[in-house]
Each structure stands twice: as structure tokens, then as C-alpha cells.
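Once you scroll down, you'll see the structures, which are given as C-alpha cells.
First chain A sits with chain B, and in the next complex the same chain sits with chain C.
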Partner chain A sequence: MKLLTHNMLTSHVQGVIKGYPLIIKATEVKVNELEFSAPFVSRMIPKLEWSLISALNCTLIPDYEKDEEFLRKVHRILLEVEVVEGCLQCPESGREFPISKGVPNMLLIEDE
Partner chain B sequence: MDEAASQLERDHVHSVYERIAPYFNDSRYKAWPKVKQFLLEQEPGSIVADVGCGNGKYLHINEDIFKLGCDVCRPLVDSAWSRGHEVQLCDGLRLPYRDGSFDAVLSIAVIHHMSTKERRIRAIKEMARTLRVGGRIMIYVWAMEQKRRKFEKQDIFIPWNPNPPLSPALRQRGNGTQSVSDDCDSSDKHRKVRSISSMVDEGDLISPGQQKQQRLWFFSRSLDSVLDFTSLTVSRSSSSTLQTPVDEASESRSRRTSSRGLIRQMSSLFSSSSRTSLEEDVFISDPNEQVHKNDNRSSGNGNETVPVELVHDCSAVPLPDLVSYQRDQSTLEGHMEVDGKSSQQEPLQRQESTASLLESDGMSGQSSEQPKDSCLRYYHVFREGELTQLIQNHVDELHVLHTYLDHANWCVVAEKVQVWKV
Partner chain C sequence: SCTVYATTLIKYDLSCELYQKKRQTSEPYLVDLGEKELDQTVTIGATVPTGFEHTAAEEVQEKLEATARVSKNRGRIYFDITTDKLFKVHQLKSLDNLFVVVKDYDDYQFKTTKEEVQLDWQELATKLPWTNALEVWKLNNSIKKKKGRRKRTNPTKSDQCGNFSTKSTDTVPSDPEELLVDLEALEVKENQRDVSSQPEDDSEEEKHSEIQDQESGVTPLKFRVTCNRAGDKHCFTSNDAARDFGGAVQEFFQWKADMTKFDVEVLLNIHNNEVVVGIALTVESLHRRNITHFGPTTLRSTLAYGMLRLCKPQVSDVIVDPMCGTGAIPLEGVMEWQNSFFLAGDNNGTAVSRSVNNIKHIVKRTHDEGSPSGLPLDIVQWDLCNLPMRSSSVDIIITDMPFGKRMGSKKKNWELYPLCLREMARVCKPGTGKAVLLTQDKKCFLKALLQMEGLWRKSHTVWVNVGGLHAGVFVLKRTAVVFGTTSEDVMEPHTATGSQKENMKDASQ
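Moving on, here comes the complex of A and B:
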């Protein structure tokens, strides 16, 4: 699971008001190399929920479009880091969604 | 009804896809062109979700956008991940995504697997929730009206055939590169077949008798209209053959919850119908098909009656996802093999006799490998305008932009709009 994906995810357990950010508990992380594209990253930035990324020690700076170093940093964090094993924990209910072989299992059981 | 609906989908969608996932061969997967175009039109930097992505065949299109796929079938999701895609395991009725997180959403050949209208609406609403305002969704579902075939009913079970053989014409042209597994939406193959072989046209080479034998699918009553156990009429010719399996089914039904029993009855009835099917249609007409909510339990023990309408024919006319293989006249190996559960041993034997009947009719001899498990997939095929109406009447947050028929699929493109509640 890439951290960009994590930005979209939320816990959808019944009764939970705000199921994000999901707390990442990683037991295995991989870093891939992915071709960097400044336009891609800079267009992506306004769509993200930045509170989630600030938690990763990366704050949004003004004029980010021109700052290649910043864009590369965002690229690395969001697209190159991958959680292969671990789990995502709902911040409200504590329910854990396992990540195995890079795939988060967000399936709920019937009464959840 | 939701419990029955879930169970039906578990048995006849989820577990089937899990079983057939290993047969999906990526090299045979091509994107529907209009879906591809939809993806290519997205602005660079867009975030797009493919809900019900299967093994990820749309996830490689357009490198300038970020795509997420999700599906309920673990083997397919794993397969998509191994191709380098970002995927999650989840249920289309409860998407684990924040509101308004996507610029575009795809739902290709997915919601026709939902067994009630309410669930189909819920699925669409869920996807609309995850779309940002101004974002677009593209939905493809199987059409009931198809060029050469007519599904007489909307709720059907279609067997999956892992080894559909090539037609003689195709074989001659050395088209041995077609692998023998089935897949959904094999559009490219379909077009290839069409272009190289004009003579292999539906119906041309098939005598009416053969044609009748080769159509193969099962009709079921929609779960939306309640299965009224007490008021169904059964055609005389078939009632006797249905007696035994109904008894079995009703036995098993008493042991389980009514919804499970319902499913078993359906399954057992498919197999039971096969014995009579080749000679005649087992067709139960019920003018009272309207919806009137009626709890299974309260409708009693319906021992004498049949809850579903079944037709068993074989057809050489291609199904939307079996396009390239069903075009040949010689075989339809989509034999119905029902799940080998204990209450269905007898029907299983009848299945095999059906199989041998087909063989003796001069079909090609590739019947050695048949799926032993039940690979009946449930579909609700859509009438013209049905999907559009569903959205217009029940999903305020989506505004329909385009509707069209694409290769036996109804397609809708809709835009998320802001809904103000006063």
C-alpha cells in the first residue's frame, strides 16, 4: 500500500464519524524507485488531505509547484514508500485492517 | 431479503470468481475502447478508482493519473497487485474511501452482479459518495437486449466455462493463440473474431435444432420480487421431475435459515431442469411477478411449488464476456455442474447425463475437462434505460451525461453534482 493510497482510505466501521487518518502499523516496508514527474506530483498535491501527510513530517509549503526539491520529497513519500505487511487502525474504533502482501483488507464482517 | 441477497452473491458471484480467478489470463484482457478513452481523458494528476477492478485490466491505462483498484475477490486482487497496481480488498457496498476523494470512478461489469435493486442503488450511491463534485463515473452493465440473443428474464445464472473450444473455422485459421480460459469483457478477441471470420456469424452455421440445444443459462426469479412459495404455477411437464429435488431442497431448507434454503432450492432446481431441457423449455410463466414483500418464513413450506423460473437452453450466441468462444457452433461446454453438496448428488448425476447427451449430438470431444464445482454466476441484466432511470430516480447526487450501448453492455457516464437539502 502506497502512502498516496492511504490518503484516500478511511475506516468505515459503523458508527465511526471520522475514520481517518488510519494509523499505520507497518511490519514490513519497501521503497521502490519510481520515475519522478513534477507536473504529476504538483497536480496531485491540492487533492490530498494534507493533515495526513503532515503527520509524516511533511508540511505543505506555499509555491510548491516551483520547488522541485519539495516535489521530489512528496514523490518519495507518497509514491515510493510502500507498506507491504502491517495493519491500518481505525482512529476511533481501534479496529485493525490487515495489510498483507501489499494489499489492505478493508472488508468488514456483517455486523460491523 | 438482504441476507438472502448477500448469500446469493457469496455463492454465485464471489466464490465463483475466487475459483475462476486463476484462469483469467491477462494477455487476453483488453480494455473496452470507450473505457480506455474515458481514462485517457482524465487530467494528469487525477485520482481514479476502479471499483470491482478484477485483476486490474484497466489499471495500467494512462500513466499520468493515479489509479486505485478494489475488488472483493482476493485472488484477483492479488493478481492485480502482482502487476504493480495499487489495490484493496473491499466490498462495493461499503467503500473504504473518504468522501469526494476521486476525480473519476469506474464500475465496469460489476453492479450487474448485485442481486437486488436496492443493493445496486446502494453501490452506485457509495461510488458517488467517493467522487468529488464535478467528477465523473462510468458504469457498464450487461444488457438484456443483445443483437442476436434475447434474455427472456433479467435475473439469470450463467455458467462459466473454463475450456470453451475454438470453432473449426478459427482453428483452421491457426488461431490457436486463443487460450482456453474464459474471461469477462474479452472485447478485443471478440473484434478479432469478427474481423477475420465473417462466416462464423451467429446463427449462420447453426441449424435451429443445434442452436436450441446450445443455449445455456438459467433464469431465476429476481430477489426483488419476493419468492412466493405458495402461488407459483409450474408447467405440467416439468412438475414431476421437480418433485424430488424440491423435496430435497425443502428438507435442507428446514435445516437452515430460509434464505439459505432458498439458494439451495434454486441451485437444485437448475440441475433438475437439465434433464428435460434439451427437448423442451422448462418455462414457468407467472403473471404475478410483481413485487409484494412476503417473508420466506411466512409463506410456508411450498413443497409442491417451485420458487424460480428456469429455462435451460444452449446457445451459440455469445454472451458479453464469452464473446469469442461462444461464436462457434460446435460446443458449449458450459455444462452445469452443481456444487457437489450432499443434497445434490442426484442432480449432479443428471448433469453428467446432460453432458453426455450433448456429446453424442456431435459436439466436439473436449468434454474431458469440465468444472466440477458450481461456476454459476449470477447476473441481473439491464433493460434499455434501466440503469439511467435507476440513477435519475434514486441517486440525486449524480447527473447522467451519456447513455449508450457498447458491445452488449449498457453504459452510463454521470457527473457528481452538489445536492442542497433544504
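Moving on, here comes the complex of A and C:
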């Protein structure tokens, strides 16, 4: 699971009001090189919930479109860091969703 | 002076082009331009998923800079290229099967008795301009050899709606108009000095035939004729035509007939008064290219590609397939549109692991070729009716919805479709979002869509043929209406996975 995906995932446990953001508990992380595209990153930035990214010591700078170094840093965070094993925890209910082989399982059981 | 200038310019351009070409092939640069080697122009025919002729023509225009004609005979396009571009044609993603046109007739006048028609075929075989087409066929074989063999864990399924069958004559085809010829082998004479490679269906077979070739020195070509016939004014069947034309071809070339291990597949396509004679350039259909792990309803890659083209993915678009199955659509997407991000999901664990395996296979392939191994794609196991995604976070939703015949059931669709559409509307960006949805259960889908009038608007529909079933690809636009404010989403479905309150909160986020 890439951090870009994590930026969009929420908990949908019934009754939960604030299921976002999910807390990442990783036991295995890997870095996978991916082709960099400046237009992709700069257009993606406004679509993101930036607080999740700034939590990783990455402050949003003004005029980021022209700063390649900054864009490459964001590219690495969003697309190259992958959580392979671990889980995602609902911030409100505590329910844990396992991540296995890079795939989070967000299925709820009947009562949830 | 103007003319001189123009000529000099042309010479300059040509010399640059020639120089570039020479440089690429690392041959010594020759100063004497002489006559520039002109590549032969040929007409290529391709079969495409019915309904996607125009998206295929778009791809041809984009990547080959050639204008494609859409045939009156559905599921086919034709375009002219110079032979140096043949390699590129194989890389196109909208095309199922390729052939080189020997000759085409717009208005072929068929005689009224079988005997006369047979004589006409015999005459035709001797008059056709075979040479150029056979040159292309030869060139094509060397291209296929260079591509190498890709391992396939499953053989390609016979394509119901495609036009070329690889069944043997023993099987009785379901479509009586698509029959193969069974000719008696005649005395074989050497006709071709070149020995062709065997078709790419089995690596063992290829080794065997290569050994045979080495032993015998030169072997004559083996061929078969495939005939497709449509129209109600013909006095003959496709079987008759294939047999008679095949006989004439055999007599003319002294080739050997072979139904399964043929070198040359001659195509005879008859659509009313349109007759096209071609030579096949593909043996295995290109349409399962990315999928090595099949599922029960794996979508053809060419169809997935056509659907993706309909979406017109933009840079940084978030594209979601919420029912991805074995991942045909997102895989095809991520190979072509690398500036978008693909998120695929399914509730079925087996489907998810198959998707993961298909991705691994692609990653391994691209990694071997020296490029970074990551893809802008993620897979999640989820429930489509309760997507664990923030509202308004998705630009495009594209999926193959359960048909209710091979997967799911019609009854389930009545409940599933409205819930799907509702949840898709929630995650999709109001105003700019789009959905491209394939389904065979058109009645159910359209009814569900009517209930969603406030959230989705029909843009257009492409009618397609999927595995013999008549299906529709519905292109929808997400209206500007914010989710949680219309009656559709305020209503309480009996399998509600979230309370109304939750929906309202989502809308206000």
C-alpha cells in the first residue's frame, strides 16, 4: 500500500464519525522506485489531505510547482514508500484492518 | 532560386533522416544519398472488439500517424503503413488480430451458380498480387521471432465474437458461416526457398519443426484458408468458398494444406459484396497480453483498453476499479497511462491475489527491460457498496459489472446496482467525475440509473459483444450535485451499510 492510497482511505465501521485518517502500523516497509513525473506530483498536491504528509516532516512550500527537489521528495513519499505488512487502525473504534503482501483488507464483518 | 532552395531543403531533410536511420543501425554513413530506400506501403487489417472501432482508429492515428477506415463489417478497421512501422503495429493495444491485405474488392459481382463461383475463385487465386503481402508476412515472422516467446499459463480461449478460429476441422463450429477448409494433401513441390518459422503456439512444437527444417533442408509452406461470410445474396456457404478458394491457392502455390501447423493463414472475408483477401499476421490473439492468471470472467485486454480510452485519463487522475476481478482494467491502464493513479479493489480474496500475481508478472517484465519496477497502482480488498474511501476523492470509476450469468445473478443485480451507483457517486468528484461501466444487464442498470438522476447523467453508450453476450459500456458524468443532499442518497436502502447521519457528515467534509 502506497501512502497516496492511504491518503484516500477511511474507516467505515458503522457508527464511526471520524474514521480518517487511518493509523498506520507497519511491520514491513519497502521502497520501490517509480518513474518520476513533475506534472503528476504538482497536480496531485492540491488533491491531497496535506496534514498526513506534513506529519512526515514534509512542509508544503509556496511555489512548489517549480521546485523539482521538493516534488521529488513528495513523489518518494506518495509513490515509492510501500507498506507491505502491518495494519491500518481506525482512529475512533480501534478496529484493525490487516495489510498483507501490500494489500489492505478493509472488509467489515456482519455486525460492523 | 525558389525551386533550388526547396530542393536543397528536401535533400537536407532526407539526408538528416537517412543519417539518423544509419546512426541507429550503426552502419557507416554514406554521403551519396542516391535514391532513398522507400519502405513498401501496405494495407493492414485488424479485428477489434465490436463497438470500439473508433477508439482503435484513434490509437492508430495517435501512434502510427495513419488514418484508419472503419469497415462496414463490424469489428474491423483498415489502415495503410510503410513496412518499417510493422513492429509498432504489434504494440498497439486496441487490436485483437492483424492481417495484411492482399486485395480488397468494394463491389465484387458474385455469379449465381456454385460452379461459376468456384471457377471465379480459381481465376482469382492466380491473379491476386500475392508477392507484396507475402513479403510482409515474411517480415512479420522475423518481428515475431525478435519479440520472443512469452510464457502463458493458460492457452487463449477461442474468441466467440472474434473472426478467426483456431479449431481443427473435427469440431463443428457453432457458427456455420465460419468454417475451415480440409484439403487433401497433394504432391508437394518446392516453391519457397525461405523456410518460415512455425506459429508461436507451443515452444515444443517450434523446436520440433525447426529440427524438421534442418533435416529436410527446405520445406514447402503449409497453409490453411479461413473464410468468414456474411450476406443473404450468396449462392454458396463459407465452407464452399474456403474449399474452392483453398484448392485454387494450393494449386497455384503448390503449398501443403495443414489445419493446425500452418505457416500461412489465408483469410477470405466476404461481407455482402465486399471481399477482402488477407494473410494473417497474428496467430495468438493479442488480447490476453497482460493476464497470466485468469479468472472465470477475465476481460479481454483490448476491451479493457478501449474502455480506458473512453475515459480519457488525465495527468494525476485517480482512477478506481471497485470490482477489479483479476485486474485486467487497472493493469491495462497502468501500462499506458503512467501519469494517472490506479486503485483497484474487489471483495473476493482469490480475485485480489490473482490481481497481485498479474501485477508481479508485469513488474517483472518491465524490470527486466531496465526501467523502475514500481507502478502507480494499488490493490485493496473492500466492499464496493461500502467503499473505505473519502468522499469526492475519485476522478474516474471504470469497471466491469457482474453480468448475472457467469458471475452473480440477475436477482442480486437488482439490489446491487443501485447500491453500487450510489456509493460510486459518493466517492466520485461532483462536476468533473466520470464513470465507464460495462454490463450485460442493461435493463437493471438503466433502471438503477433512473433512480440516480440527480447524481449521474448518461453521456453515451457503446454497444459491445462480450463472449457472445450483448453488453453495453455506459459512459456517465457525475453531476455537480453534492452527495447527501438529494433524495436518492437520503433514502434508506434495506442493506444500509452506513447511517444517514454518516452520509451527511461525509457530504460536509
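Assume the second predicted complex is superposed on the first by the 112 of 112 C-alpha atoms of A that agree within 3 Å, B and C clash if a C-alpha of one lies under 4 Å from a C-alpha of the other, contacts with A are read in each partner's own complex, and residues count from 1 in each chain.
By definition in this document, contacts are C-beta pairs under 8 Å (C-beta built on N, C-alpha and C of every residue); 3 or more make two chains touch, one makes a residue touch a chain.
The shown structure was predicted, so the numbers you read here are calculated from the model rather than taken from an experiment.
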item: Combined model on chain A where chain B meets chain C, clash or fit; value: clash
item: First, second, both or neither for A:G102, with chain B first and chain C second; value: both
item: Contacts of A:P62 with chain B and chain C, given as first, second, both or neither; value: neither
item: Dominant toucher of chain A (residue count), chain B or chain C; value: C
item: Partner chain(s) touched by A:E80 [first = chain B, second = chain C, both, neither]; value: second
item: First (chain B), second (chain C), both or neither touched by A:F40; value: both
item: Contacts of A:G15 with chain B and chain C, given as first, second, both or neither; value: second
item: Clash-bearing segment of chain B, relative to chain C, as chosen among 256-264, 274-282, 292-300 or 382-390; value: 382-390
item: Set of chain A residues, in rising order, touched by both chain B and chain C; value: 1-2, 4-5, 8-12, 20, 37, 39-40, 43-44, 47, 49, 97, 101-108
item: Residues on chain A engaged by chain B in the complex (per definition of touch); value: 1-2, 4-5, 7-12, 20, 37, 39-44, 47, 49, 97, 101-108, 110
item: Contacting residues of chain A [partner chain C, same complex]; value: 1-2, 4-5, 8-12, 14-17, 19-20, 32-35, 37, 39-40, 43-44, 47, 49, 79-80, 82, 97, 101-108
item: Residue numbers on chain C that touch chain A, as the complex places them; value: 315-316, 318, 338-339, 341, 343, 347, 352, 356, 371-376, 378-383, 386-390, 393-394, 497-499, 501-502, 505
item: Chain B residues touching chain A - in the complex, by the definition given at the top; value: 6, 43-47, 49, 64, 66, 68, 70, 72, 77-78, 81, 86-91, 94-98, 101-103
